[in-house]
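Structures for review follow.
First chain A sits with chain B, and in the next complex the same chain sits with chain C.
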Partner chain A sequence: MGSVRAEFLKLKRSLSWAVVVLLPLMAVVTGAANTVISGEPLEGDWHTLWMRVVVLYGLFPLAVGVAALASLVWRVEHQGGNWNALMGRRVSTPHVVVGKVAVLAALTAAMQAVLVVGVVVVGKVVFALPGVLPPRYLLVSVVIVLACVPVAALQSGLSMLMRSFAAPVAVALLGASTGVLLLVARFEVLTVLVPYGLVSRATQLGTGTFMDGGSVTAGAVAVFGVLALGLAVVVTAGSVAVLDRRDIR
Partner chain B sequence: MNVRAVANEFAKMRRLRVVPVVVVMVVGVVAYSCVVLTTPGFFESVGDPSGQAWELLLGGLSLAVPLVSPILLAVLASRQVDIEHQGNGWLFSQTAGLSPGHLCRAKFAATGTVVVAATLAQSGLVVAVGGLVGITGAFPTGQWLGYTASAVVVNLVLFAFHLVLSTRATNQLVGLGVGVLGVFVTLTSMGMPAWLAHLFPPWGYYVLATPVEAREVGIVSLDPSHLGVIALGVAGGVLFVLITRLFDRREA
Partner chain C sequence: MITTHGLSKTYRDRTVVEDLDLRVPEGCVYGFLGPNGSGKSTTMKMLLSLVRPTSGEIHVMGRPMRRSTRRALLGDIGSLIESPPAYAHLTGRENMRLVQRLLDLGEDQVSRAVRTVRLQDHLDRPVRAYSLGMKQRLGIAMALARQPRLLILDEPTNGLDPAGIDEIRRLLTRLAEDGTTVMVSSHLLGEIDRTATVLGILGNGRMLFQGTREQLFARSTPDVLIDTPEPERAAALTARWNATRDGAAVRLPGLDHRVTARVVSHLVHEHVDVHGVRRDAQSLEDVFMDLTGGRGL
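Presenting the complex of A and B:
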């Protein structure tokens, strides 16, 4: 827990809040603006609004946002003599790596919360939709956050290895593009085994787009959850092994 | 701007992994362009001399460029400038007789060449894909060249903008954040009337350059605003020179 608290302290003066707040809000504003400009009504009420906002957001902006957050989390370690201080630390390597992934998971959850609030506000204020956002989208939101954890772990590992802030973001864009192509080509198994593909697929849950059937079943939620946690454990273990073999520079 | 400064920037690029970033950009654009190959009926129209397969592929290219380029141009600009921030290169260059403004212009000349080459390569590779799948219809030479030229101009203006932004904002998150914002602005611009898209430079100009559009009746040719793109190029060039000259007046 101490490692997680330390990581949050390091982020205190960064601009991580800008990614957490602005990225999902931009997705909401884009979805709403496209609906208003096109003049096409929200025939399926909340479902259509959710689909217009979340599907595009999940294709690559979400992965890029997580990558930017991972770069921010590791940026401090690459500055000045901090890398050597990290190499001479008193806490174990798993504590450091898991602490960073945990912080990224918390920030991703905050991003998803902002997105959900944004969709609800736009749905009510701009489109005057009846009722509230169906609870199944809250369940989908949990799945999206879980699916983001392997990407967060992978991007954390890349940002650990690369001193550049921007290079891991470029890798994230490449990964997300690969995920999209796998989706389009309908390679379902391969898609969910690639972390970026898993995020894109999770954001489509319940929307009926690409390979999705349009329903949110307990089985699908469980499969996504298990896959996400399994991938996250494998990638985090890999990062720990790599960091253990790093030295001062 | 002297030739040695530009050559020096090319030398710096060797260790900045510019080539992989550019390869990602080219591959990304070609891959997203090829998504249209999965459109129902595409392969049926390939062998039809009066078919619209080339137009469909051009539509894919004009959708892929604005989706992929803004973020990777931001990454390219950030990579070029971040080394100067980290290694105090602005001050070192100034003491060597190369002011920050000159350095920025040298970076633009060097990396801009790479951006132009990448944009031409994207366009050429999509044509090659069309050839490989055996499209037999008439190749829309004018539309394709017009779009490629427009994409080069908009990409260069966007790259210059990110170069200036990354120079001013030490935290590279700002440049990358604006890059992501650009993608959303482009996506919103796609539904806007042309007069409104003019108000969102430079991203809105990707949409103004779009030569074809998929509608319910099929692919229809549009009237791209080449004049608007030229105006953007001129205005962007003038602003870049003015702003980089201002960099010369501040303390390194």
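Presenting the complex of A and C:
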């Protein structure tokens, strides 16, 4: 637990917060601007606004954002003698790896919270939508955060191994593209087994786009939860195994 | 405190450390010397289980250092390897708090470590504003926080000014007096010379010497200086022993007692007046130059 608490302390004055705030706001602004410029009305009120903001966001920017966060979170360890100090202390390898994934999961949750707040503000202020954002989108948001954890674990592993900031982000872009290709080709099972595909698929939950049925069922939520947990455990265990066998040079 | 047997590390076809038998006695300051690239950092990393040895054994505090035992052993070891560790965007205090959380330490332990390196007045400044000396001191405070029995410091005086070097030197002596075993590496002899009670000298990954300063001097053969009113002629007569003129004397390197007697006898036989024969006072640097084949430290 101490290692997780220590990881959260490292977020103080971190550039990560800029990504957490700016990336979802850009998605909200882009979705709103597209609606205003096209002149197409929000026929389904909140549902249409949510779809216009979140679906595109889930195809590429979200995975890339998580990758950027992972690069930022690991960058500090690659500076000076921090790697040597971290691994030269009485801290187990799983604690080091899980601590980073936990921080990334928290940052992803914060990013999703900014997105939800952004959608609500734009919906009320710009489009004067009636009522409030339906609660099911809060549930979808939880699913999106869960679906991001395997990507966070994978990107964390890559950033752990690579000193470069950009290389892991490029891998995320490639991964997200693969996810989109699988979605377009309608490989439903494969899509959700690839971490990046799972993120894209989760952001479509309840929207009726691509392979989504348009409703948010308990079964679908459970499937996403189990898949996210399973993939995260596998990827995290892989990172631990790699770190255990790797020389700190 | 530390023993290694046949410790080696090879990266692909490059052997960085070869067949190293290290003996670090408890309670000493062990000066680990060697030129840059001689394998000091790799050795220290193997001692901390940061790097896996290709072959050989490591025992720390009587227990084998392996991946399975590293966590328990590292609890009693403080370390600073290569460059000082610190998160530059955090303050000194936040960096210490981080160590406190990681190692589950008490406030008193952190305060004691900070006081030991005399950094208490600078804790609220961001580390990015620290001088290199302050970063080194913070790194040592982090290593000391858990009150380790063994402290492994890799080039802790790198980049420090003479005052900073002296301060670190005195700190290491103080720690050893308090019972901490200190292993400290350097490529600069002068930084360790007066601090270390035991020396280990590494060259090209091999141990060239291990023992006390006195034992080191006993292994070396200082130059012989022969005072004579005819140094030019005397040098010519002893040229086969690599003699050179040195002011009003002749300098002869690497002669043992037997050969020295032969040289003097030869000069007397050639009717050269010999006014005196003495051994040159050799510096530790000279001894190391001999050991490292002229590469020095």
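Definition applied: the second predicted complex is superposed on the first by the 249 of 249 C-alpha atoms of A that agree within 3 Å, B and C clash if a C-alpha of one lies under 4 Å from a C-alpha of the other, contacts with A are read in each partner's own complex, and residues count from 1 in each chain.
Just so it is clear, a residue touches a chain if its C-beta (ideal position, glycine included) is under 8 Å from a C-beta of that chain, and two chains touch if they have at least 3 such contacts.
These numbers come from a predicted model, not from an experiment.
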| item | value |
| --- | --- |
| Touching partner for A:Val29 - first (chain B), second (chain C), both, neither | first |
| First, second, both or neither for A:Val132, with chain B first and chain C second | neither |
| Contacts of A:Lys10 with chain B and chain C, given as first, second, both or neither | second |
| Which superposed partner A:Gly88 touches (first chain B, second chain C, both, neither) | second |
| First (chain B), second (chain C), both or neither touched by A:Leu56 | first |
| Greater chain A contact set [chain C / chain B] | B |
| Chain B versus chain C as contact partner of A:Val19, first or second or both or neither | first |
| Which superposed partner A:Ala237 touches (first chain B, second chain C, both, neither) | neither |
| Chain A positions touched by chain B in one structure and by chain C in the second | 14 |
| Interface residues, chain A side, partner chain C - complex | 2-3, 5-6, 9-10, 12-14, 76, 79-82, 84-92, 244-245, 247-249 |
| Interface residues, chain C side, partner chain A - complex | 45, 48, 50-52, 67, 71-72, 74-75, 77, 79-90, 94, 97-99, 101-104, 135, 139, 142-143, 146 |
| Contact footprint of chain B on chain A as seen in their complex | 14-15, 18-19, 22-23, 26-27, 29-30, 33-34, 37-38, 56, 60-61, 64-65, 68, 71-72, 164-167, 169-171, 173-174, 177, 180-181, 184-185 |
| Complex contact set, residues of chain B against chain A | 17, 20-21, 24, 27-28, 31-32, 35, 38, 67-68, 71-72, 74-75, 78-79, 82, 171-177, 180-181, 183-184, 187-188, 190-192 |
